[in-house]
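Going in written order, the chains are labelled A, B, C and D, and every chain counts its residues from 1.
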Amino acid sequence: MTGTAAPELDVVEWFNTEEKLTLAELRGRVVVLHAFQMLCPGCVASGLPQAKKIAAVFPRNEVVVIGLHSVFEHHEAMTPVSLAAFIHEYRLGFPIGVDRPGGDGPLPHTMAAYGMRGTPSLVLIDRAGIIRHHAFGAEDDLKVGVEIALLMAEGRADD
Amino acid sequence: MTGTAAPELDVVEWFNTEEKLTLAELRGRVVVLHAFQMLCPGCVASGLPQAKKIAAVFPRNEVVVIGLHSVFEHHEAMTPVSLAAFIHEYRLGFPIGVDRPGGDGPLPHTMAAYGMRGTPSLVLIDRAGIIRHHAFGAEDDLKVGVEIALLMAEGRADD
Amino acid sequence: MTGTAAPELDVVEWFNTEEKLTLAELRGRVVVLHAFQMLCPGCVASGLPQAKKIAAVFPRNEVVVIGLHSVFEHHEAMTPVSLAAFIHEYRLGFPIGVDRPGGDGPLPHTMAAYGMRGTPSLVLIDRAGIIRHHAFGAEDDLKVGVEIALLMAEGRADD
Amino acid sequence: MTGTAAPELDVVEWFNTEEKLTLAELRGRVVVLHAFQMLCPGCVASGLPQAKKIAAVFPRNEVVVIGLHSVFEHHEAMTPVSLAAFIHEYRLGFPIGVDRPGGDGPLPHTMAAYGMRGTPSLVLIDRAGIIRHHAFGAEDDLKVGVEIALLMAEGRADD
């Protein structure tokens, strides 16, 4: 889906933010969308630590990190109650939205709209709302940092 | 409590074993008791991988690894339903017992009986049922392997 | 020295490059200067792997990685002959220069000119030849990637 | 060679010990022989840290760790002068012997006598001087700790 407009988030509950976030309102900033499941080993070992680092390195008014809890298996084991404890124990400070459960199948709505193949998935959305990077699995910190920085710089150059 | 008889396990539900385990019936073998919580970062990062490795290295008829899910916080987030999914996702194959929830306070029964200070906690019980090692927090793989091997060898020497 | 013009390199021997490199001729590109010693544990464990990664991620016509072998101790143990074997064994592919040994004291010339406090040291020089980052010790991959990318983007914006 | 008598060490120079070590005089103790090259990345990353850990965990009067600098390539780059600086920088405290250079080929004498395939190589010799473990490449800390502890315990059982 790289190169196309990022579908709006469909979230039923937010953590770490008082107001609901929408991509529409974040237009003008780079959005780092990190889809995870709290019981996914790869998310815990690499994806979420990377998301924390990104949130710490970039200024919030330029780059916004959003966690998306996209549960597509063991639904009864990863309820918002369990997620709240997980967020507390792992000291996650960036906004996290619970992806709306699917009606027919196991896939939640936002995950399906983005065509994600599993968790962790990382989607980078540029200041204009276009998907510029869309990947499944662990990714190298240095490489990801470079990609986000280049997207951040694009906007500046347009000023 | 090192040097004293190991209190019996008080478990309400077992995973990865068809029969309930008791220290009484395991007398004659070394028991490696690994107390954890599924949402405890230190358990996920170091304690449980170490327990898996111990279970893989030692012969089961000499050394038995038992996981003890000792929940003392976020009780509603770490129910047996969530634990079952966690065990599946993290590919834990050794027997795991759910420590009996405490009546009055947050501490479950076995955890309280052993005077554990938190999770992960590692308790090594010799072939005679005596506690020989009792520690809280991450421990070095090599050191732990040595301690268990020496306990295992003790029994052989007595033959 | 951040904000000042980068002193020219003073190198007695080059590896991995047929022509001698000078900052003067690299003007217009971002230069990543990584000072190390082959027997410095921190360089081997984190600095050099990071330099390799930087060289792999960025296009050579925009960002040039230069290793600088700045020996300030155990001089007789880290001669160019030993360095050649080290470069081969550690599969270092980017250009590496041997910092000119100091006449009076233990510090080699380029290291002294940059006021480096030890190894590893990382210096980032922008397209205009100005030092923009100057640090001693291990640095986070993601953070370093971001800094270099922003320097790289600066140039583009000016076009 | 597992199960056969360990060939005597053939060493031209010792570090970290005032007296020359021989397997003959160490009979009665377990000997951990760690063959390495100072410019071998696998030795630096895993073999030598493991040897340090073994030396720290086991009592010296039961288990003796010996490093063997078995240079079979880049001979001019890994002279005893360079090795001395390496030992200092990597804070290696156990006895290290320089394997006697081979006359005809690149392999040093002790390495050839043991039929080692490269570095790092780990050889475990029991209290009776018999080779009990002989492996090339990185090995798991827990597993190695267990093997050494069982060899150490053997002696005790015989008392």
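Everything that follows uses one rule, which is that a residue touches a chain if its C-beta (ideal position, glycine included) is under 8 Å from a C-beta of that chain, and two chains touch if they have at least 3 such contacts.
Keep in mind the model is a prediction, meaning the values are calculated, not measured.
Comparing the centres of all chains, each the average of its CA atoms, the largest separation from subunit B belongs to C.
If you average the CA atoms of subunit A and of subunit B, the two centres end up 36 Å from each other. Our note on geometry: subunit B versus subunit C, Cα centroid distance of 49 Å, whole angstroms. Contact with two or more other chains is made by no residue of subunit A. Viewed as a network of touching protein chains, the structure reduces to one closed ring of chains, two contacts apiece. Which chains touch which is summed up as A-B, A-C, B-D, C-D. Within the complex formed with subunit A, the residues of subunit C that make contact are 50, 53-54, 57-58, 140-150, 152-154, 156-157. The touching residues of subunit D, when paired with subunit C in their complex, are 39-41, 44-45, 73-74, 76-78, 81-82, 84-86, 88-90.
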